[in-house]
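Structures incoming, each one as C-alpha cells.
The two complexes that follow have chain A in common; it is paired with chain B in the first and with chain C in the second.
The block that comes next holds the complex of A and B.
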C-alpha cells in the first residue's frame, strides 16, 4: 500500500499510466487489431521527441524563464547541413555527423552569448536566434531534396522483433542522462540552480558555466535529432522541426518535470512522448479532427501543470 | 588594555579596512574596519539594518565592496564571489541559510562540493554517512536525512547550514545569527562547537542579537549603527549595559562617561 502511495506521488508515473490507458482504449476500440504495430510506431516517433525533450528538460530545470525555443530551427539546420555534406554517400557519414554536431555547438554558444552577454531573457534570445538559424538553413539548404546515405536510413529505420533499434539507443541515452542528472556534479548543480539560484551561487557553484553547458546540451541534442530524423524520414526539410517546439516542452511537463525548475525526471519524458503519440493515434482512430487533437493536447498540459503544481506549496 | 590574545596573534587572520558599500543611496556599510585573529571570536552587534550582514557578505564574496580592502594573513585578498572566499577557507552561515529546498540535508551539506566515487559519480551513501557524523555533533536529534530540506523545521534547517559551514575545515568562519531558530539545547551545542573550533585556532565572526551570548562566547565585540562602526571593545572590559548603550546610543563607554 505504501509502495503504491509513494509511486502515485511520483509525477512521472502518470505519463506511463496515461500511455497505457490511451493504448488500451485504442486497442479496445479496434478490437486489438494492429495494437502491436501502434506501439512500434509510437516508439519510433517518440524517440525523436525524447531526444529534444531531454535537452529541453535540463534547460527548464535550471529555473523559471529558462526554455529553449530554438530547438525546431536547430533540427532543420542540422538536418539540412548533414544531408548536403553527406550527399547520400555512406563514406561521408562521419563527416556529416560531425558537421551536424558542429551546428549544435554553434547554436548553443550563440544562444548563451545572447542570454549572458546581451542579457536577453532566454525565451526571447532563443526565439530570435531561431529565426537566424532558420534563415541559415534556408540559405544553405539548396539541396534539401537529397536522400540520406543508405547506412543512416537503414540504421534509423531498423527494427529487432518490432522494436526500433534507434528507440533502444535512445532509451540507453535517456538512462545515461538520468545518471547525469542525479549522480553527477553537473546534474546536481542544475537541480540546485533551479531551486534557488542565489543559494547555489553562494554555495560556490559556477552558475554561469552550468547554464552555458545546459544550453549547449539542448542545442547539441536538437542537432542530433535533426541528423537522425532526416535519416529516418528520407531527407531533410525546412519545417521538419516545427512540431518539436510544443512537443519538447509538453513531454517535459507531462513527464513530471517542474516548470518552476529544480525538479526533473528523465524516465517521464519517454512515458510522455509515447503518451502524446498514442493520444493522437487514439483520437485519429476515433475520427477526431486536427483541431480537437490540438485542444486535447493543450488541455492535458494545463491539467498536468495544475495537478503537479498543486502539491508544491507545502512549507 | 588590549587583549593578550590580540597581541600574541601577530598578523591578523582577517583585516577588513575602511569597507564601504551602498545600495542606491543607502550607505549600508560606511567606512568600517574590523579584524579577526586566529582562535578568536569577534562578535558583531547592532540594531536591525545596522549593516552587520552586509559587512560580512563582502568577506564571504556575496557582495562586492565599493571601496576598502580585505587582507587575509596580512596579504591583500581578492574576493569576487563565494568561490574565491572558499579558496581562502572562509565558510559562511547566512542569516537566510541559503539552502536548495528540494534537496535533502546531505545534498545541501555538500552542495557544490559533492563527494564522488572514483568514477566521478556523486556518492550519496558517503555523503549521508558524513552528514550523520557531523549532525551527531551538532544536533543529535536530527534524523531527517532523506527528506528535502523544505520539509524541515527552521531549527533543523539551521543545523544543516551550520553543518555545511563547519564540515569543510574552515579557517575563517562567519556565523550570521546561527542560533536564531534553535532551541536551548541546540543553542548550547552550538556554543560548545564554537568553543571547540576556537580552540582549534579558527577565527570566527559571530553576528548575534544576544548580548549575553556575545559576552560569553566572544573575545571582542564590534558594534555597528547605521552602517558605521561605533567601536570595538574587549568583552572583558565591558558590561552588558556598556554594550547595550553602544548599540542604542552609538557611543563607546568612555565617550558616554565623558
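The block that comes next holds the complex of A and C.
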C-alpha cells in the first residue's frame, strides 16, 4: 500500500502547491491587500468546477476514450429548466430542483444509450448529445430572463466568516465521493475497469452497469452545477456551461487523476480548481492582456503537469 | 573462468535487487556455442530476472557481463545484446498487439527497408513459422491482438530465429512451451535441437522437467537468486533434479495419486453446454463436485467454451445451463487477469469484495486478512502483500489469480490453462487444493495444454475445430486417445 499511497499523494499534492504559489505571488504583488478576498472568490468559483470535475473524474477513470463532453450543455439545460419552472418563487424550489435532477438523469441515460446500444465512442456520443441537449435548452428557455428564487440566490452566495457556505457543502460532497471511490464496490469497480476492462469483467464486475452509473453520475452532477450556478449568478443563460468543458477535464488531470484510467484522486480536484481560478486572478492583477493571459495559463498548466510527473509509463 | 573461444556469454557475480527482494544474489553463468542450456528453478528463483539481464532489458547492480570475451559491463543494453546476436523470447510476450505479424517481424530487422518491406518481412516470418511449426495456420497479415496466446507465442518464437544481417548466436526461450500444446511444444523442441546442431546456442527455461531433461545438454538449477547446480543433463534424473531445486513435495506420478471414484450420477448437473458449431458429438456436462478437463490442441474452442459458460452465468442466461456463481482463473494474465496498478492483496480480493463490505464500505482489515490467508495457503512469494502485483514473478502472479478465484464465493471455477509459468512444487499443491475443493462440492472446468494435468480430472472433453469430439472418463483417458481425437478427420 505504501508504494501506491506515496505515488498518489505525490500526484495530487502538486495542485495545492501550485495553488499556494500562485496565491502567494498575487499577495506579494498587491502587498497583501485583498488577498483574503481573493481566496473567498476562488472558493466560490472553484466550487462549480469541482462539482463537474468529480463527475468527469469518474468518467475518465473508467479508462482511455471515456470522457463526458456533454457537461456544458447539461449545465445550461438544467439551469434553464429549473429557472423556468421555479419562476422566481421560493415555493417551487423543491420542484425546480427535482426537475433539474431529472434533466441530469435523462441526459445520463441518453448518453449511455448512445455509447452502449449504438456503440458510438464516448467522445463522439457525448459531443453529439451535447448539441441535442443545448438545442433543447434553447427551444425550451427562449428569451430566458428569469431571476432565481431569493432563497436559492441567498443560499448560493451566503458566507460564514468569509467562507462560502456552498463551498463547505461541496467540500463535504468531495469527501463523500472520495470515500465512494476508495471504499465502495462501485468505486473499486471503476478503478478496476479503468485498468483493464476485460479483466474486470472476468473478475466478476458488471462492467456495463458500472459504466452506466458513471455516465449517469457525471450528468447528474452537471445538472446540480447548472442549478446552483444559475442561483449564484442571478439566472440561467444558454452559454453558462461553456467554460466548464475544458475546465472539468483540466482539473481532473491537474488534480492527479490518470488520463489512462484506473487511478483517480478527488482531493486534487479541489486544489486544481482553486489553482486555475487563482492563476487567472494573478495574471489579471499583473495587468496581463487577454492574449498573454491565455498563453501563460496554457504554459503554467503544462508546467504543473510536468512537475507532477504525469503518469507512470503504461505497459 | 577460462574463456575459451567457444564461450558466447559469461556472467560473473551478477546481482540484482528490487528493493528488499534479492532477485539475483551473485550468479555465475557461461554459455558455449552450440549448447542447449536448460534453466530450472521455483517461481521467483530469479530465472526471468537473469534472462532479462542477459537480454539487456534489466541492468545488473553488480557483476560483469562479457560477450565473446569482451567485457561489456556497464554499457550492456538491449541494442548491444542484439548486435552481439543475443535474442530473447520473453515469458510476458513482447509483440505489439495492434500490428500485424509481418510488421512485428520488421521491428526486429531495421535493415528491411524500401519498397515491399512488408511483403519481405511477411515472407521471412512465414517461412520461419513453416520451418518450426508446420501447419501453424498463421498468415503474415494477421493482427497480433486477434491471435490466441498460443499463436502469439509461436510468432514470438519464430521471430527470434529470423535473421537478416545481424548475427544470431544465442536465443533465450523463457518458458516457451507454457502456452503451447503437446504437438507444437514437440515441434519447437525438435527445432531447438536442430538449431543447436548448427552452432547456435539456446537457453531453455521450463517448468516441465521432462522437456529440460530430454532436450538440454547442460542443466543449471537456480534457487533464491543463486545457481545451486550446473551439470550435464545426463547426470540428472527427474528425482535428482527436483531434489536440486529444493523441493520438499514428494514427486509421485500424478496418475497414481489418488484412487478416483466415479462421481457421475451421484450429484446433480450444474453445467450443460454445447459449442457454437453444432458438430458436437456430446454436450459438455459437469456434475457438482466434478473436475472436468477440456483437452485438445491449443485454441480449438476450449477458451471460447469457458467464456460462453462464464458469460451465461454473469448474465443469467438460460443456455448454456450454469447453476451457481462462477469465477475464472485467467491463463493469459496480462490481458485477462492482472490489475497492474494494484497491490497483490487488492488483486486477490477483487472477486470477493461483496463479502468484505461492512455498512456499505469495504473493510480494509478484511481485505488485508484475505490477502494474508491466501499468501499462506498458496505460498505467494513476496515480502509484502501490499506491494504492486507486477513486483511478483510470472508464476507468482498466476498464483495470485488462483487465489482470487478460490477465495471467492463461486461454486464453479473455470480455469483457462491456469498453470502457465507455475513451478512443479506449486502445481502439485494446487492440484491437491483443487481436489479438496472439489470434494467439498466445488465444480472445476479445467482447460489445460499439459497432458499430465488431465489425470486430475473425472471427465475429459476433447475439442477440435471448436467442437466437442470426445468424452473420456478417467479410466479411459490416455495420451494416445486424446491425440487421436485431436487429429481425426483434420486435413
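Assume the second predicted complex is superposed on the first by the 291 of 315 C-alpha atoms of A that agree within 3 Å, B and C clash if a C-alpha of one lies under 4 Å from a C-alpha of the other, contacts with A are read in each partner's own complex, and residues count from 1 in each chain.
Definition applied: a contact is a pair of C-beta atoms (placed from the backbone, for glycine too) under 8 Å apart; a residue touches a chain by one contact, two chains touch by 3 or more.
On a predicted model such as this, the values are computed, not experimentally measured, just so you know.
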Overlay on chain A: chain C relative to chain B, clash or fit: clash
First, second, both or neither for A:175, with chain B first and chain C second: neither
Partner chain in contact with A:195 - chain B first, chain C second, else both or neither: both
Touching partner for A:184 - first (chain B), second (chain C), both, neither: both
Touching partner for A:206 - first (chain B), second (chain C), both, neither: both
Candidates 8-16, 26-34 or 350-358 of chain C: the single one with C-alpha clashes against chain B: 350-358
Chain B and chain C footprints on chain A, overlapping residues: 179, 183-185, 188, 191-192, 195-196, 198-206, 262-263, 315
Contacting residues of chain A [partner chain C, same complex]: 1-4, 179, 183-185, 188, 191-192, 195-196, 198-206, 262-263, 315
Of all residues in chain C, those that touch chain A in their complex: 310, 314, 327-328, 330, 334-343, 345, 350-351, 353-354, 357, 360-362, 364, 386-388, 404, 408
Touching residues on chain B, where the partner in the complex is chain A: 60, 62, 81-83, 86, 92, 94, 98-103, 107, 111-114, 116, 120-122, 124, 150-151, 164
Touching residues on chain A, where the partner in the complex is chain B: 179, 182-185, 187-189, 191-192, 195-196, 198-206, 262-263, 314-315
